Amino acid sequence: MTPFCITESSLKHLVDQLAKEQTVMAPVKEGSGFSFKRIANGEGLCLDFTNSTVPPKSVLLPQLEELFTYEVKSGKVRTAGSTGGDTVTLIGVRPCDSSAFSVLDRVMGGEYIDPYYSRNRERTLVLGVSCSRPEPTCFCNVFGTGPVEGSSDDISLTRVDSGYVTRPKTKKGREFIEKHTEYFREATQKELELFELESSRVNKSMEAKLKSEGLPERMSKAFDDPYWQELSRRCIECGVCSFICPTCYCFDVVEEVNGNQGRRSRGWDTCQSCKFSRMAGGLDPRPTKPDRLKHRFYHKLQYMPMTFGAISCVGCGRCVSRCPSNVDIREVIAKWQ
Amino acid sequence: MIGYEKGSSPGRARPCFVSSPQDATRLVWNQYCAASLPKYLIGAKDKVGIVAKGCDGRAIVELIKDKQVDRDRIVIIAPACLGVKRASQTSRKEILAGYCERCSNRISPIADIAILGNSNEKDAAERFARDVKAGKPSKRGILWMEEFQRCTKCLACIKSCPLCYCTECELDGSLSSLVSKLRMPTELPTFHLIRAMHMAGRCVGCGACEAACPADIPLTDLYSRINEEVEKMLGYVPGIDVNTTPPVELPRPKVEKK
Amino acid sequence: MAVNPYVPIRAKVKEIREDTSETRTFVISPEVSDAKSRFAFRPGQFLQLTVFGVGEAPISVCSSPEDLPLIQMSIRRIGTVTEAMHDIRVGDFVGLRGPYGNGWPVEKLKGRDVVLVAGGIGMAPLRPLMSTSRNVTDKSGSTTLCYGARNPSLLMYKSEFPRWTESGASVKLTVDQGDAGWNGRVGVVPALLDDLEVDKASAVALTCGPPVMIKFTARKLAQLGYKPENIYASLESMMRCGIGKCGHCHFGSKHVCLDGPVFSYSDMLSLPKGLAPI
Amino acid sequence: MSEPKIVAFMCWCSGSGADQAGVEKISYPTGIMPVRIPCSALLGPELVIKAFERGADGVIVSACKPSDMRRVAPSRLTEARLEILRSLLKEVGIEGERLQMAWISSQEGAKFAEEVSKAAERIASLGPLEFRKVTKPV
């Protein structure tokens, strides 16, 4: 399919139309940052942002998600549907975050398929938007997860002066464009040229010092290196890095009980917490701060490549800019590249 | 020796631990030295030197009072602080952090070595003091309940706070059922109110919580408001004098010796 | 629609046996018609046990697969869930999901000498092998159980020792601290391994117990000439989902819930320190 | 409005005061949920906040008069602590009057009923508290 083009105003009308029928999630300014929220119309759409504070993984893997409810005494369990639900259009996903969905797909699939995640994933259409001005902390180019398109985009939008060059990436994306064909028109030759120009401009605007080849192999030999001790000294184990990481998926499960009614929910957890791997009885396989910090980096840069064949850092730079102690994953990569 | 070194990107400085004179060249001092260093004193076994801004000094005073830090084991180097800058999330500019605008004293109340800087810096510091007039009143009218709803419940405020030294925290959901471990929306105000109560009369306004918060909740605004009330009510200001006792404490009953 | 792996199946507690002062064995019957196929497990696998209103914990099955649909679990009072489990009465409902994990390498045991080393509650996952020990070793190899506890009253399944001996297994016991009625050995479990008459080159050792015991048992076995790939240990870790999603039991590139809980000594050496107590 | 829900935390002594009100058959508002605690000074602000979260319109803490206590007066602590909590509640937009304190000793049944009724009236006049929806600063 040839690329399409959608003008800014058509996009707004399209969102107006969609918001009437289904859930539209888009970045919304909140406090001093952006976060993905449900929007009611095209007016609320703002694609002029660098990236959201909390990644859009919150749409697929909500921070708090009910697993099921039950009666305490009788043990009767009710699941509030792990299938169906509204179609969700997720607009304005940056390439790094879109690529992060592929990482989550790999984890949540496999021998046991996570029903809640796959329900959310199937009903969500991802409209990715290319970056136009990457932050100095961004390094998606290192892993090839950006900055123009992400690997889970159903449709990739790239801003050119007349609107957005629209490239459908999946069957779902093509069907979407066919269904809403009145909002799109075929991209002109000039627009395509502008798209190429824009892509190479953004690519060039990013630093290219880091390399990811061979990183897992080298890291597997560095497990006992004193570097980790030194690195972790300034870490304060706040766990912000994992809460704002688009590929961190670990969750904890809690029960809420009110009389005879019980509910089991899950929600994000962080491996940086000293209670993450502590067992009943007090044994802890990762008892010290270096163990825990190392686990996070190894999980992303070594364990995941070993298990799934790809590094699970997408270079969004959130942890780099947000870490209060300035523990920088780019330095870790630079150290072992 | 705990101080600051150059960070990984421009406009950042980060904590750094120096154990030999050669390494001391790594140390820097500028307006990006934001991280709260007294946090690293808790549980430290050796004798350590520490670079302390005004707020850090106040935190150390509180830690000494709470018997978490031994005064004899630390050497405090206190440079004059001009307030720290942080990158604005909305515009690509650097602004003076909100909590620094409210800072009551930019020089540590306790110091072994005080560095008042050269005359230029001194001027700047005086200008700063004049502008700030020993602490602007905190902002009022923040819609706190809305702010609380933004909370991601990552507990970074607790983990980054130099005065949160409890090994088991009642707010992380593992010790009590006061607040669940996960982000239950109805519990977010509870979480923040309890934490605010725990900080009442203790917060030294270093802004570590605010700097760490991924949701940018202006926590120090709330804590400083409560501190103002505590000062009005009980005449107590935290972090000034090692010898004062915390405000809400029982006088010890005198036990008569037989 | 595929089965939702997070939802436990309701099960009724049929019988409770007080094994020791801190452990009880529960006989549980899942309330589904296809319990036999759904819960078909291999010895050494575990189930996620839900105490409704309290939470979930991974517990290994201590009965033989032949007893299905009845499932037995021995539970030591140690955390919130196990504590609550001790308040459960006969007729109460609990939740079960699973079985999860890899279980003992049952195929490998055929025709070989098998040494089972257990400490305290660590006997539970090995018990299914003892109940079926003759089948497991294919009648040509010997079966030896080396079992120890802190004191004689904490030895589990005492009433079954005679039956195990009758069926041809040799049962060696030891305690850390004897009492008036004890005239057996006093000492640590690895000390029992010294003079076993087994073919060390091909023998398979299976161990479960406190981390310290596993550590010294594994070392000792390796020293005695057992092959590292023939030494197996069942490890434990904090875990939430049991299906490799929650990340709590992720160590190295292994998940304890998917790739474990049984690991060979050679696997353990390649895992990060901490999980494998070696 | 309907009867406000009020949680009354009372120390051992003032709890007996409430009993005394019962013995003397003095009526007081029915929306009161008594919670007995060993001493008012043991009442952390956590529980008061939690009570508001769980739907209380108001909280009454009844404690011994400091003058009735021997040697040290822990209820002074309670007073100071609740005063701080009240200012915090005001800051986030909850009326301070929702948190009341009453000095009641073990024999004062009539006083208990009177204080509690007065407090309930004041709390009722504020209307129901929707803790989660309070967004306007006072």
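We call the chains A, B, C and D, going by the order they appear; numbering starts again at 1 in every chain.
Note that in this section a contact is a pair of C-beta atoms (placed from the backbone, for glycine too) under 8 Å apart; a residue touches a chain by one contact, two chains touch by 3 or more.
Being a predicted model, the structure only gives us computed values, none of them experimental.
*Asks:* Please work out which of A-C and B-D is bridged by more C-beta pairs in contact, and write that pair.
*Replies:* Of the two interfaces, A-C and B-D, more C-beta pairs touch across A-C.
*Asks:* Distance between chain A and chain C based on Cα centroids, please, to the nearest Å.
*Replies:* Distance between chain centres: 39 Å.
*Asks:* Rounded to a whole Å, what is the gap between the Cα centroids of chain A and chain B?
*Replies:* Taking the mean C-alpha position of each chain, the two centres sit 32 Å apart.
*Asks:* If you average the CA atoms of chain C and of chain D, how many Å lie between those two points?
*Replies:* Centre-to-centre distance between chain C and chain D: 54 Å.
*Asks:* For chain B, which residues are shared contacts with two or more other chains?
*Replies:* Counting only residues that touch two or more other chains, chain B contributes 185.
*Asks:* Among the residues of chain A, which ones contact at least 2 other chains?
*Replies:* Residues 252, 254, 266, 269.
*Asks:* Tell me, which pairs of chains are in touch?
*Replies:* All chain pairs meeting the touch criterion are A-B, A-C, B-D.
*Asks:* Per the contact definition, I'd like the list of chain B residues that touch chain A in the complex.
*Replies:* The contact residues of chain B facing chain A are 7-10, 12-17, 34-35, 39-40, 87-90, 147, 150, 152-156, 159-160, 172-174, 180-185, 208, 211-212, 214-217.
*Asks:* Hey, which residues of chain C end up touching chain A in the complex?
*Replies:* 1-2, 4-8, 10-11, 50, 52-57, 78-82, 93-95, 211, 236-238, 240-241, 243-253, 258, 272, 274-275
*Asks:* Considering only the defined contacts, which chain D positions touch chain B in the complex?
*Replies:* Chain D reaches chain B through residues 41, 45-46, 49-50, 52-53, 71-72, 74, 76-77, 80-81, 83-85, 87-89, 91-93, 131-137.
*Asks:* Can you list the chain A residues touching chain B in their complex?
*Replies:* That would be residues 30-33, 35, 53-54, 63-64, 136-137, 233-234, 236-240, 243-244, 252, 254, 256, 265-270, 273, 275, 320-322, 324-326, 328, 330-331 of chain A.
*Asks:* Can you list the residues on chain A that touch chain C in the complex?
*Replies:* That would be residues 67-68, 70-77, 79, 82-83, 107-108, 110-116, 223, 249-255, 257, 262, 264, 266, 269, 271, 276-281, 283-287, 291, 295, 298-299, 302-303, 306-307 of chain A.
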